[in-house]
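The same chain A turns up in both complexes below, where it pairs with chain B and then with chain C.
And now, the complex of A and B:
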């Protein structure tokens, strides 16, 4: 190739026009689908909550507040004003001072005090002795030391979603539950994706006896009862986070393998595959460059529907008590807890259930939108 | 003409909403159809000829919109509700489509599908409609209609299915029959029969036919009046005779001159034989042979063919679909397992395995018929054409590959700046050029061309034929040119092999075959392809 340098110089000046791939086309179509875009936004928000929520939440998810067991959901801070004032009065009674009106401002309680003798600063100890109050101090002491204002800090905490039967903040637990559920859903789906696509594409492309043997193995695995399989795994290896996504991934890749095999069977008859064979491209090259990229459309749709399925399966396992280990939790476990406390503490069921439903809705809508966007018939 | 047209289209405008903004497919055209005449709408793909009729029938895709007016006997068709439109459509105006394989529902017997419009529009009972259906099948020339009425679509051949489609369209004595490329998917001899049938039906039933086609030869033989469409506009219309004798618009002149011309001289007699096949046989097992299915069925697609391709030679392989010509081409490239001896430059490659075949792969290339299916939709053009380099010259740097891609694209007449685009952004002719670039980038000695021009418009066909001839001269290529289109074969090949049912019926120098075909089968093919007599 003697004329290569000339050509290189020429092509260097010609700026190649970047084409619009089918993926970009699909993305454009997806962007016009309002439900899918909204779902994607919801998913991003939920995912951010799962990732950063536990970090910024004021309560660790496993912190127990024994005094606030099953506190209902409320925006008001605990302890409530009605509870603070009597407690403060009780503590003040020991000081034997004349007190004015008790005033609660945020996390500070104030009361004006007066006495016939000069005020002894040690009286603050009476207040500090109470569990509720800390850092009691006398402010605005008059010059004659007979009147002043006694202030004390109250440790007040908010539980916007209430607390569970052990006195743990439900919001923090939902955050960690989202993290665990999404992680299991995504990891299990990813595992199913990698296993299923490789296995299905190989079986479909090689065909013949190899295909027969490979797909019979899939059939045998299909016939294993899932719950039984998981119980066996749990019995052997103990309950753990990793085990659950492996268990779900190991059962879900079978569907994926079948879908990809079917796709591969049609793609392998396409002329571009034959063209690649005529060029002498190896089987692996054809699989990698031609078959797998062209199966990805339906595969992506299937994955978006697989993620909610994996989340639901994990919920089922958690509900049955085979899921992640306390104090770690997942949305399924939270719902299970909520269901057993439904009568007295409905918020324990409502908030996790709403979160899970929102995630599943969003994933299904997104999957639907993706299917429409990737469907080449709609072009 | 004093008569009033039965279909009067004024200012018809069709546009589609797409990702890239609205696409104007039909731009305000006028069209008249008089009772009992044959009107042809001619144009290349993308000219809007199909969308015009789709708009009239209310069959536009969901993102399409039609404006203007279309009066059928003073009734406005555009903007009718589905229910009102159904009183006209399928009864007074009917349509037949290009693809007879997919226009019939495979789940129902053809009798049932024929009776459906009769019961629906004609208000006949199912029992009476059956008698009428048999009558219709007889009318369209289906042999033994009483038995055939209970056949499923897959039991009929392509031509017979098209006849059933015509029978369905005729069921309610329509005034206008719209035929959208009804013969494009059929073999030439079948094409001929279907056109004859349509012409005789038109005469007997006195209906108007609107014929949509890109094939001027059919128009010349069929139509009374012609509309020539281009880019959504009617560029010229008039009586068929005058239009063909004296075309005024440049585009019409270009279409008329688009028949591929020229011939190819045979190579020097001492040119070495590059590829030689001796007693090549390909047998497909079509099921059977299992425990319960009895003796295996075997189909001899290629049945003992010997062929020798010299350097610089083009052998045209001609035959109808199912004659085994594509199978032969693939068997010679060892893409299909077959019996017999295949030699490339004297070396026997008929038993070579995948690894031993690899060095020969770059010498033996293949170009396919369908420029839409042969390019992987997820790869850029640059990736598509350099894939062979990855295999055969793995040491090339990315930059050098890119340079080779640009070079190959230039050679096939495309702008190298296009190499980062994707195949769906190109037209059919451009894609075929890309496919050719993929084949020649490896500098092969032999290219098998499997119907490379059949899916293309006439004018594009001509360009591709010229491109292939130029490339042949430049690189001293040998072609195996597989086609059912005799005019293209005549322009491309210096030697012709006529195949039928896996065997060679006749072979010889192109001129000899075309001037004096010996076999009846060859003569039938010729008669169907090059014939100027008018139908009826």
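And now, the complex of A and C:
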């Protein structure tokens, strides 16, 4: 992918224009790439949805609405007008009172009630127990306490993406799914980044026998069927959020180590490294000050391609039932739920699938754009 | 050549041995066992079960026993599917997975190389853009999205094809799973072929062939394609092994009785022998197909020789 080493010193000095660093230059090139800019915008929006969505969403992601199981996606508020009276009748049947005509007025339902015995004010609880009504109260209570009017507010809720098979708001669940998937993707990539860069830079810089042994270890790990080992790890040590991203990070650092090692091999022969050695800077100091910063170009490109890979791996694990635990969710888990409910509830599959695809697309296009921007030789 | 093949096959044995060893001890290190139930079994019964499956022996002894049985082609009894040996399970499941996988592989190879070569020959035309755009799409969308969406659209909404099931291997039941398996591979192969063809068209031997005045179809069909197919061949090795041993996603979504599901199910149920069996089968396939790739390489690329 990015095996061609970028000679950072050269690209910087060849430009006669004053004051344009490599990074500014790359940013300019990136901005000219429309697909990459659009992808960046999509990603920012999605990330914002993942961070703030669960906070501003009217429904908590684990709140169950037993009376709105698999409610279709719609912009209109629930309950539907025609559903109010039957639902109210059902709730009233529990009170075992004689009831008159049910009257719906805006968002208030009224019914006259009567009974042999004095009315017990606790009957309002039967109404409040329903998801559809709230704030039930007895109005116009007669002096003998045997007749009155029972009133309740219709509790209107909106499910723009519908609800799932347990009656939870899909939009809120997608928000939390984005948060979990992105967090795992970013954290796993970060882990692969730290492991791979340290390992690769050390191997490349020390060279010789150490390099040989270290890279043989990478080769051996490489030849193992790694998706299986992720599954085994998760099966062994349980299904926690932390373990999942560690498992993915542990499997994804190998490429990074190879790329960084290759870069380091060229960088360590540069004059500035020689100068630093002559000045007596320690190996770790040279690595940190000179080698690692100069490998960053290809590393950044690789990380943007690593994030979708990690998200994909996490989604696959979730899909197999090895992901985060309910009621927490991730995009892969939502897709899996959607797949098993797609007959009659297709929105459960469509919205999470579109969200995941959009994220993966945006990350891939951004990665391609970054590669073009940071590696002008490739064009 | 035959000596080379034999040497490679002999060299595969230590590889498989290492994989088997690692997998054996990893799965045994996992907490829990195959017979852990909600309500613990009577200790006496537990002891009998353990003895029946040799689980009462020390781990190194079990390991040696397993290796001995493996050498004789016996993968042991399944722990969770009673009355089935792992070999029985593979005997019924493997043909199904191989049938699906080989169909997907052939389709992917034909369409992938055709589309890739077409895009390369008409570089920067609308055909090229369509192929590259679709390929990006196919690579990005994961299988576990494609599979349920195909099933939803063609199985549930349109009702043209069965949304799932095996149906004894009738063609109607095969179309959607094969399409799911093939689509991402078509995309990847098309991209590989396109890149390699563009490079091959610029290479010296193709220029020479053109200079000799060979007809265009010979230049493209023989000299370019032969060079362009090389990266596809090396990609196909591990891919073929993965496709033929079944995909857990496709088999789960379409309810297909292949062997792709066994690894996950076995790992979850601590079915030690089933997991080990799957690992062995996959390792054998990977080794075999890597060998096939190397042989094909020698046939396609005259610069490569094995003596």
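Methods note: the second predicted complex is superposed on the first by the 284 of 379 C-alpha atoms of A that agree within 3 Å, B and C clash if a C-alpha of one lies under 4 Å from a C-alpha of the other, contacts with A are read in each partner's own complex, and residues count from 1 in each chain.
The working rule: a contact is a pair of C-beta atoms (placed from the backbone, for glycine too) under 8 Å apart; a residue touches a chain by one contact, two chains touch by 3 or more.
From a predicted model like this one, the values you see are computed outputs, not experimental measurements.
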{"item": "Contacts of A:258 with chain B and chain C, given as first, second, both or neither", "value": "neither"}
{"item": "Partner chain in contact with A:179 - chain B first, chain C second, else both or neither", "value": "neither"}
{"item": "Contacts of A:364 with chain B and chain C, given as first, second, both or neither", "value": "second"}
{"item": "Touched partner set for A:268, first chain B, second chain C, both or neither", "value": "neither"}
{"item": "Partner chain(s) touched by A:278 [first = chain B, second = chain C, both, neither]", "value": "first"}
{"item": "Intersection of chain A interface sets (partners chain B, chain C)", "value": "none"}
{"item": "Chain A - residues contacting chain C, complex", "value": "223-225, 228-229, 231-232, 235-236, 308, 312, 315-316, 319-322, 332, 335-336, 338-339, 342-343, 346, 349, 353, 356-357, 360-361, 364"}
{"item": "List of chain C residues in touch with chain A within their complex", "value": "15, 19, 22, 26-27, 29-31, 136, 139-142, 144-145, 147-149, 151-152, 156-157, 163, 248-249, 252-253, 263-264, 267-268, 279, 282-283, 286"}
{"item": "Chain A residues within the chain B interface of the complex", "value": "1, 3-4, 7-8, 10-11, 14-23, 25, 28-29, 270-272, 274-282, 285, 289-290, 293-294, 296"}
{"item": "Partner chain A, residues of chain B touching it in the complex", "value": "19, 333, 335, 357-358, 361-362, 364-366, 368-370, 373-383, 387-388, 390-392, 399-400, 402-404, 406-407, 416-422, 424-425, 435, 438, 442"}
